[in-house]
Amino acid sequence: MGEKLLEIKDLSVRYTTDGVIAHAVNHVNLELDKGEILGIVGETGAGKTTTALGILNLLPRYTAQTDGEILFNGVNVLRASEKEMQKIRGEHISMIFQDPMTSLNPVYTVGDQIGRVVKIHNKEKGKEFVEQRVDEILNLVGIPAERKVEYPFNFSGGMKQRIMIAIALACNPELLIADEPTTALDVTIQAQVISMMRSLQRELGTAVILITHDLGLVANFCDKVAVMYSGEIIESGAIEQIFDSTNPHHPYVVGLFGSIPKITRKTKRLTPIEGLMPNPASLPEGCKFHPRCPYCMDICKTEEPEAVIVNDHLIKCHRCVRKEEA
Amino acid sequence: MNVQTMKKRGQFAEVWGRLRKNKLAMISLSVLLLICMAAIFADLIANYNNIVIKQNGAERLMAPCAQHWFGTDEFGRDIFARIIHGARMALLMGFGATIISVAAGLILACVASYFGGVVDMVIMRVMDVLNSVPALVISLAICSGLGAGTWQLIVALSVAGIPIHTRMIRSNALGVMGNEYIEAAKSQGASTASVIFSHMVPNIASIIIIQITSTVATNILMGATLSFIGLGVKPPRPEWGLMLSSGTDYMLKNPHMVIFPGIAIILTALSVNTFGDCLRDAFDPKLKGKA
Amino acid sequence: MAKYIIKRIILMPVTLLLAALFIFMMVSISKTDPVLNMLPQEYTQEQYDALEHELGLDQPMLVQYVKWIGHAFTGDFGTSYSTRNSVWNEIGFRIPTSAVLSLVTTVLIVIIGTVLGILCAVHQYSWIDNVINVFSKMLSAIPNFWIAMIFMLVFAMKMRVFPMFGTGTVLHWVLPVITLALPGLAGHVRITRSSMLDCIRQDYIRTARSKGEKESVVIYREALKNAMMPLITMTGNRFAMTIGSAVVVERVFALPGLGTKVLDAINAMDVPVILACTTVLCAIYIVVMLIVDLAYMFVDPRVKGRFVKAKKNKVAA
Amino acid sequence: MKSLQKLIVIILTVAMLIVCLAGTALAVEGEPEGLQEGTLIRVVTGDDYVTPVAFMSSSNNWLNFHIYDTLFTYVDGDWNNIRGALARDWAWAEDGMSIVLNLVENATFVSGRPVTADAVKRCFEYTAQYYPSYFDKIESIEATGDYELTITFNAPYADFTSKFAISFMSIVDPDALDEFGDNSLEGAVGSGPYYIADYVSGEKMVLKANTNYWDPEKYPHIETIEVLAINDDNTAMMSLITGDIDYYEPANLDQVDNLEMYDEVYVIDGPKSNYCVWLNGTSATCPALADQRVREAISHLINWDEVNLIVYGGDAETLTSPWHKGCTVDVDEGTIYYDPDKALALLEEAGVKPEDITLNTITAPSTVKFDTAVAGQLTTYGINVNINEYDIGGAMANGAQGNWDIWENGAAFTQAAPSFGFGTMIAQSGAMRTFMLDPEDPAAIKVQELYEQANQAITIDEMNEYYKQCTSEIVKAYAFIGGLFKPNWGAFTNRLQGTYIENGYRYAIFFDAYIAE
């Protein structure tokens, strides 16, 4: 496939608040090539956002401890100095956050906030370049340039998300991380935002990590998918393998698909997955999913499963490995 | 200020749990309890008539010694006994005046936010007017009207505090009013009083408690200031502010007359302030967390 | 915008009138009879009645109030009971002293308080934060007349660095302003700190960091401007507290301000002077409150937006 | 190191003493002849001179003494020892019903107008409005010459010269009064050693020396006197130590002890003055006081030696009558003594329990300590006392209204003018009434009689005899229940020399003061 852009090797993140240690991310391995789109799927609290913040090294300084490496173009982001990171953020990697309503600074004009990111990374260029670039990117995201003198509260949720995207893509970053960009928006606006993102991605050739719990979105936007559960990647691979129900899947993934209504088939009742996400402060022994796993075996309760390649997509589950051998 | 709508008992138990762990809160609470004990058992420690206001020419202006731990004042009265009885006065001024003004503020705020419309407008306009008069000016006006004295001082401090409390509680009460369960209770035909007291008050309890602790310290200081300018407590009643103001004449030669009342005021105000801050943190842990 | 300002300006005298009514009621229920104080050594009953009628004290309180307000508008605050000349030239020259003392102190508090507050918020739980925190708690627990006394004893008497009393050179103002500022400073630092902490936790700070902004820019540009909003309204209350405690500081440092005059007047039950001083103090406070509100409106776009009709876009098409 | 420093300090002080002694030796002769140009002193006298015209207020003694002259004046504050001031000499008619005064001819008001007989006559027309009782016995005042004044009486007026020596009988320029009125700064034009150059109410009053003053004895040396209104005792005391002000009247013994620690300042003892404590027989709030036995009981419950020890460290003397110790009308009936057993017995006899008695005082800032000490004495026996603090004007107003039960008021009982004292004690409508007994009370009737007889007396001695009997009646009636003959002090900075405290009115005299080189 293409040239390697991002490699996450055995990443673990722990938060300590009031003496309680929460294991948000446990031994995650991921790779992303240039121009490739990776979808990260999982319930809330599965460690998706923590991983994303790790890539930008924006984890809270005092309370977070990290192990493992995140290599971006060969540079280990976790150990990079603040100065180096400031060069990377905004220019090489940029991020769109979940809630557009609070992600824009209420007291500065929209044009000003977009202009900031351009000015930071193009110090030598003059004001006209910045203004011109701001108008250009605004048109790209479908907002009339005249409105750049207005304040965030003058815009609707959808428009604000477009501004966030404008800020993120203002300096043609190599990697764009979108943390549930459409969750806070209603469906019609979602479709517009996603189609715009797809066209921009194709046009600028940016690599994208799309974090969401919306499987439909992943299906028609991403090249490959990773499913996270309580801080671990329990299954990852190309879209075709994951959405091919004939392949063996991790019971959690099966459950996930089971809880999506299929328009084609008439199903009386969806089969939800019982129970709740385990508390990151007291993770269960062995496979983290075993308390909720219908096919739970004794080994699952004691031993943590290995991540095994099964017809070239990775699964982390004793049952799948055993079935393979059998 | 998100209002936890958890079970009331749960919240207080949880808050107490957090407080207990906070060392600073425990120290300030113990100091406060010490002062309260002094105020309550003042008569046992030193009988009012024959020690606190008993004058003794021979023992005038004695420096702190075995017999008089804090020395004696210009009338030969034992300063230690007077500070103990002064604690009673300070707590009366501090907590008494605050509770009155917070209670009045609570009633006004609840009535205003519950009825809304004209009632709310009238109460708020009155509060605006009172609020446009600086607190000490209100006290001065009341003291000049009612004359100097203990209960006049309490009235002055309470009235000065009412506008701020009403405003603060009302803005939070409006927050609670917006919640659905108030409409639900009203729709089930709950009586006005029950809606206010069973639903609104518990939810703004946390604000009220924080409100009380922050105002107590201010009232103690304002009471001492009013006594200093001669409008507060009348001699011979022992009150820290008064002891300070009469002590200033003797400051150069016998500083003990100024040091001990000063420390008493600072200790009380400091412990109330610190406990108030810790309480606020316990009620709203988010604030305390790391950046 | 203009409509709102005009409404506020019209509301101002009404509030002042009602505040004066409240003070008038409070002061006139006192039991000492000021007329006796003004009569000569040996007076006859007719003299007593004549004087009482002349002062208008025989009319009901509300009538007195209306008469007083009528005169007050024309700047004539009546005659002082103790000095018997017009109240205005008793307190007129004193207004600048009190106003300057309170305003300079409030400005000082806001500037230093904000800087210290930011320092605490940015270096949370560092030694700076703890030191400033402890100091601010201590300072807000000390009665300011005690600080005034100690400062006068140490700086003015022992070290003879500053003059003891009165006004004139700038040196005269140093000690009163510092003693008045310290307690207020403590409160302001705490509020700035919590306001800054709130803002630093907001999402747009994370957005700013994700743009690659330097940490200092994130704090002093993005967070600070948002944190300033609540501080502006706090300046109003701070000014009220400063005016209040200025009364005491003026007395200790013998500054010829409204504070000393109102205290003398209360002792002498000189009702017109008490009314005039307290009303002027309220007027100063109300004017400053209006200025603070307007400042808040100009600074906060959200509020300004609501009043400014659709602003024509100045940008070239 | 410490001992070396001490040694140096000792040598220095000894040297200083020698210089001072030499200096004072010189200074005594070195007293400057005329005016010391450009000299300025700043003083705090505690009063805020609100109404500078002499007869407008009875508490302007210091100011009147410095900017006005009176017809007569006391020698060393003694009521009976009168000498002429503006009146060079005078002659009584044989029947004592008229008197002819010859005024000094070189006295001029600060406005430049001469102090003529006609001016004095017109000034008294103003004064009569404020002190009618002093002019009741005067039939007419005529200017029978440019500098000759003839006054006729409708009744014997033995103490005329003493009464017209009181400070509020000063002569104010009548033309200024006509033009500016008696309630104005511009109207306060006198012929005294100083005049008012500037006045900022509540802040300061500036007096300038009157260069063409007529009386060489009171000719001023210091050019400008700034009288400052600093109402915080402690600030004033500290300002004296730093030299920001030159004169201050210490409020109490302990301030004197403080001041004596500093050698930049010297403290002199002024003449003693009396704090007399009265009981109000007609009190509405404490009707028990109408019973003489209750009043007597209260008087025996106060141990004046203990109060003296507490407030004045024993320097004061116990009073047995409202007058100065040794004053002509002073009496000692031996009725004022400390005997709690007798007091409690008396109360039982009167059927009154101490706990039921509540006494309300009215006190001014300067007497709070004294009143608290007296209250302390009574509270040990269960009588509770409320101390209500006012300023001087407020205290007088409440005194006249009679809404007090126990009150310290010794102002009127100075050595100088017993008649002034009796005027306030007895007069029904005076603004400073202190003697309050039910008119039907036999003691009150007796006192009223004696007072009228005193007013009819031909000679001062005869008058004093009646006043004496009057006083003993008042003391026996226990309206007066004791007091202290207390010390007064004046504190000056070292650079201010040659000052003394005037007897009788106990304030500092500055026209004799000068600045030591």
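Each chain carries a letter (A, B, C and D) given by its place in the written order, and its residues are counted from 1.
The rule is short, and it goes like this: contacts are C-beta pairs under 8 Å (C-beta built on N, C-alpha and C of every residue); 3 or more make two chains touch, one makes a residue touch a chain.
This is a predicted model, so every value here is computed, not measured.
C-beta contact counts were set side by side for A-C and C-D; C-D has more. Comparing mean CA positions across the assembly, the chain most remote from subunit B is A. Innermost chain of the displayed assembly, by C-alpha centre distance to the whole-protein C-alpha centre, is C. Rounded to whole angstrom, the centroid-to-centroid distance between subunit A and subunit D, based on C-alpha atoms, equals 93 Å.
Between the Cα centres of subunit A and subunit C there is a gap of 53 Å. Note on chain placement: the centre of subunit C and the centre of subunit D lie 42 Å apart, centres being C-alpha means.
Multi-chain contact residues, meaning those touching two or more other chains, occur in subunit B at positions 147, 230, 248, 251-252, 290-291.
Those residues of subunit A in touch with two or more other chains do not exist in this structure.
Contacts with at least two other chains are made by residues 234, 365, 389 of subunit D.
By the touch criterion stated above, subunit A contacts subunit C in their complex at residues 56, 58, 82, 85-91, 94-95, 97, 99, 102-108, 116-117, 120-121, 145-149, 151, 153-154, 164, 167.
Considering their complex, residues 31-34, 36-37, 39-45, 82-85, 89-90, 93-94, 149, 152-153, 156-157, 160, 163-166, 251-254, 256, 260-261, 263-264, 267-269 of subunit C touch subunit D. On the subunit C side of its complex with subunit A, the touching residues are 202-204, 206-215, 222, 225-226, 229, 300-302, 305, 311, 313-315, 317. Interface residues of subunit C facing subunit B in the complex, by the touch rule stated above, are 15-16, 18-19, 22-23, 25-31, 121, 124-125, 137-138, 140-146, 149, 153, 183, 190, 194, 197-198, 200-201, 237, 240-241, 243-245, 247-248, 251, 262-263, 266-267, 269, 274, 278, 281-282, 285-286, 289. Residue ranges on subunit D touching subunit B, taken from their complex, read 233-234, 237, 251-252, 254-255, 257-258, 261, 306-310, 313, 365, 368-369, 372-373, 375-377, 379-380, 382, 386-389.
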